[in-house]
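Which chain is which? They are A, B, C, D and E, in the order written, and residues in each are numbered from 1.
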């Protein structure tokens, strides 16, 4: 409990830090926010600029603006998007779901298949399967994700039209919830695959290493000495321990997954936060950008918290402070 | 196209239109740009429509009449028009709309001369002008003057950030069903539309697909039906070869989207007209149009789009002539340096504009060194950065794209009037071009009621700026629309898809 | 215990505490009392053995005594000056007289340095010997002293066996002509055959160089072989301190007796029907929550009421110093 | 008493340094060697390729989107405005590799400094630095880098710095872990016991021993940074005045339906480079792994 | 070559001429080179020798757990209950392991799986070999914990290994090993990681268990004191071979092999020296155990041996003698 509380508090502090840093970074960078807003409206005169400044509070000292912003954030208000002229929270709320869906699917795919491949490879570290896994994992990792995405699009959406090219739901979609889920799943295949491939490689490699390590451990020898079946030795005694480093990495991967999602969403026009982030950057939509950064950090923090919790469930040796006894 | 006979039309069905740009909101009264205009013109009706021959047609206004002195226009509204919330459309709404647009829309010239709008009765509005304003009728069409309900937008909230901008109430053929910012806009048939039996379609979905290639694949896969505003030569050519789709460049005359190379005439060496002309002679417009754009775009020589009745075909074209360019540069006092370079310039471009601008900038980088001008391409990470640079004159050369918006008064004057040199405002006279004669001619043209005389004034204006060259026109943005050939009554007026699509229908179900 | 001359090392009331993580968010930080008021003196040229079970604080005591671990209290007089209050630079200079040999021959040598450089490092750091040639000569001399060949100087630690590495460690420790060498279980990681070589070497070096050893071991046989005086530690305290003869002949503390009884010996034969009867039960209590009174009380066959209430002080009994209410 | 001399059997007189040992391991690792050769070939091509194919990558040499082999002297075809793709590859490799290497250098420099200080001193310094590290870890790196690049305008330097600034936490953690581990080893205490000061212990004692995993990680960071630069360029945040592989992909992407080559070749180049770098990294990893070495 | 066998008793386990090789970078090395011995019910055989001489490999060979690759059994027989288990299929071996032959390891710290409660780990062993339901297995596990002297066994069964002290962990290992009443128990240096007082407790426990269950114990150690206290018979190993074997008393009191003698003499054993004066210097065995790949045809100890004769370097001495055997050219005559 102490741990959870501590992590929560710390997560909160981190979030505040993220907000402050980004706020200052963005506000102190060259560029006039009012001009941006005016530009979005199609060009404007000096008086309109002045009106915009006072309306958005841009005429106040920067620290006052920061204070106001922080107070608003505490109330759950991330401001209005300059571009969309809508509450940032509403915009993000509509986009965060697709991103989580994409990221989790890719992550599950990568972990599931990756670990399976890694375990198989670890059984015979010198065998051909192991070599194949090693090669595949390097290959999957080395290809730029957006490039893989483009290649997959050409292959599976244009030349061999099995999957939709873009989007999350068909524009014409009209059906019940089940069809909806199917439609989304159909759209999800290529993006999740693209994103999953890089991480698949990493998990395969990691779990291979972890399994080789664990299979040489004394307690695995003990299990064998008890007469435990080989399958059970591998999947119960060994994997249960090899999962620990995998979990650690899975938690740390979340930030990278979101980074990858940014590119994948761009390639497949997946309507997630990544695209929103990209657009907010290109439009200098500062409130929206801050909101996206805030939520990305929040997602990573929550993911880390969950990983830590599951780690704790998986490893009884962790003490209150999160250290290995 | 001839309107199809009502009997053969089976109403119903939905159409998916894609757009690469996400609209901020859906109220064209306070937002320019095509992203807002496409859904905006379906949701809001304007007073007039325009046909493909630049002629005004009745829409919300069943009739209109300009006084002989040109100082007032009387508009009579159709009977029974209602907003999507059921309230009737009245002359008060017209007054409110005109005032709102006049006071808030970035195109200030559209309604600046309007001094008052009188509303003698529910269906009559009299627009009083402080001076004659021949562009007024055009400004009353399409997205330029959406009639917005006063009872919604006149509640005292700031119109720029009014919540109803994202949940608009209009009197157009379609009403908003769902607005997912940056993703999709879903419009539904408005059953009480003031034209009986219209619209034919049940639903229009505007889907935002930022990647044009993905858009094309979506059309091919049947996931979309209409791709307006296509500019990529690759996509246009690919779809032209596919007989399931029609590809047309009709419907963009009203917008008049020009692509040009702007000079910062406020600073040396570009303050020297000879240098500007030298650059014009060094650039091969035909190569750009035929090779870079692979024939899909049309060359543009002057400030007014060549398809406009006001265009003057007699202006100099600056066909490529490198020797002449070199001679002009020598003459201007810029001899070649040891490395063959006379001086170096930067070139900016609107980010995200790919083939139309970035590629041309890169072409310049390859081409201008041939006459001794070094070029550095300056990328702007985002639009505001570019706008900031250009509007504060922190540039040498920039590619720019500015729309005519139908009448020169709206879209052309702003670029050349010395009174419009306004620092910090993009798409003002950012070239800092100042010529008293031009200012006078344009002022007279804005008031001139007689079309013949007006054209003569514009002819003179075009000759002067083609000579002095504050900017070098390159081409018309090759907007094309690709659509499923089973669609009937594809909009083909000068406004194309930014005018009501109430007549659009499926000839056979998709 | 014949310390009539001034001791080279005089440790008084040494205490070391380690901070532990808080159990709850705002709970006070608990401390582990690793060494709780240890005093002893070591005469020049002699060897003091520290024995005790794992975790009893042997290493910590020794490290705190030469200020490689921070002491929480007490004084350490080296030749009369208190090491614990020396300014850092002076302490650094003092280190040339205080050297150390570690238990693990694998982790006590930097694997990325040639052994010659390892042995030379203290000379450079302490600026012993003016010229570079002089230092080289010294290194060569040290190699010969500990039974290594000159030509091995260029090798890396992993190219040596455990015993040879321990010789390198010893050479390094002796490089600056120290007067006191702390040996922290220098032989417990070695095979018995190698252990004998190293023990003999240590003894020979002491004889030749007049070194003083603070020698840590848990092997009573080794301690008996090498040490003149022996201090038995239990949970951060010295429970018995005596000369070799006295300690092994007449252990006074029940814990000492238990240790002696538990140590395997060639003399206790199964064939002769030997069975352990009175083995000490249980494990030592956790050093985090040391019970009041005598720490050994819970396992002690002689424990009575006072043992659980008051901690016994070290006091002379016969030839020994014993901290026990009911010494043997 | 005579010195006990040992038989030379166990101690060959030839010194084998740990790094020498690692190189021997590395050499016998075929994929790693392949990676090294591939990397060498790529670097050579980027460095000297223009000698054999002296074309200006910015010059329009042919019609746009000419297929490979379609035009004389343009073996890999042209891009969307008719520039030579092979010339672009040869010229663009430099910046790509340079950004990769520079970013990796920055990453490693920050990472090692932070990690070493945190791991060595522990206590509040460790706490502070680790909080800082976590802070940088919760921001998705690419997103944060995009913000930095956008705010401070895209140039090779900004890009390299941005990548470095966002990717050091991993190195810092690794360094810290190594320092924490090695700090407890007896040879560190031994160094202190012979009077070494903190600076020496950090730099001369712990760091060399922490180096193997850091070298591996630095190698892999080069790959990551190259991918990163490619990603940024792909998103249009590259430096348009400097040809790079990522830029080529990003710029040519719009023509992918018509021409596969302008995207595929730079993609392959990135892929092969990162592949080579990771193979080398893996090889180093194995070579430095004492467990594998014993066999 | 004859195996060591106790007087009168029929051996339960008979190992003959066992060979194990490992593939290394230096080529195949012979880690076990003709090891033979036997073990009878209820007796304790001690195996001593320096690090790396093959003690653990011998034990693992009996369990069929030689890590392969790189290791492999290259010859010999292991007769157990009338079968040669060196040739059994893996599935049959598995049934044997834990049920008939059980083993406890040196590091109680790492030999228990850190992520399962100790009770469950014991119960697993029971479930594997006995027709018994989960509940019963649990109860049995608790009972076993009680048998090995763990206080509060009920609660400790749910503890994870890291929550127990080293001694307790080793008790858990013993409980697990005896859970199926094995006939042979192999203990590979069970107390090296423990303190002397705890070591004494564990030895005591093992003696008690042997008495109770009549199990044959193979005790691997490098501690001569432990041999004296625990073993009926001893086999001394050197570089993959048994160089001397016999009754504990015979070997300890009248060592025949120079290596055994050196081993005994170099230990600073308690009470051996006069406590008063300074003990005399220890006798040393010079040098170190040669790496396996450098062992030639002769006696592996010859290089370190003060008695070595030229033929010692040429010829490998066989193990001679039934009651007290030795593999030495020089002292073979004294074997009985």
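Everything that follows uses one rule, which is that a residue touches a chain if its C-beta (ideal position, glycine included) is under 8 Å from a C-beta of that chain, and two chains touch if they have at least 3 such contacts.
Not measured: the values here are computed from a predicted model.
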Per Cα centroids, the chain farthest from subunit E: B
Which of B-D and A-D has more C-beta pairs touching across its chains: A-D
Mean-CA-position distance for subunit C and subunit B (Å): 89
Whole-Å gap between the CA centroids of subunit A and subunit E: 53
Length of the line joining the C-alpha centres of subunit A and subunit B, rounded to whole Å: 39
Centre distance in Å when subunit C and subunit D are each reduced to the mean of their C-alpha atoms: 47
For subunit B, residues contacting two or more additional chains: 211, 217, 351-352, 381-382, 385
Two or more partner chains touched - positions in subunit E: 284, 286, 288
Residues of subunit A engaged with two or more neighbouring chains: 31, 158, 266, 281-282, 284
Residues of subunit C defined as touching subunit E within the complex: 53-54, 161, 163, 191-197, 199-200, 203, 218-222, 224-226, 244-245, 248-249, 258-271, 274-276, 279-281, 283-284
Subunit A-facing residues of subunit E, complex: 63, 65, 67, 69, 90, 94-99, 102-103, 105, 107, 110-116, 124-125, 128-129, 160, 162, 173, 176
Subunit D - residues contacting subunit A, complex: 31, 131, 134-135, 137-144, 146-148, 150-152, 170, 223, 227, 230-231, 234-236, 246, 249, 253, 256-257, 260, 263-264, 267, 270-272, 274-275, 278-279, 282
Contact set on subunit D toward subunit C in their complex: 1, 3-6, 8, 10-13, 15-19, 185-187, 189-197, 200, 205, 208-209
Of all residues in subunit E, those that touch subunit C in their complex: 44, 50-51, 165-168, 195-201, 203-204, 207, 222-226, 228-232, 247-249, 252, 262-264, 266-273, 275-276, 279, 281-286, 288-289
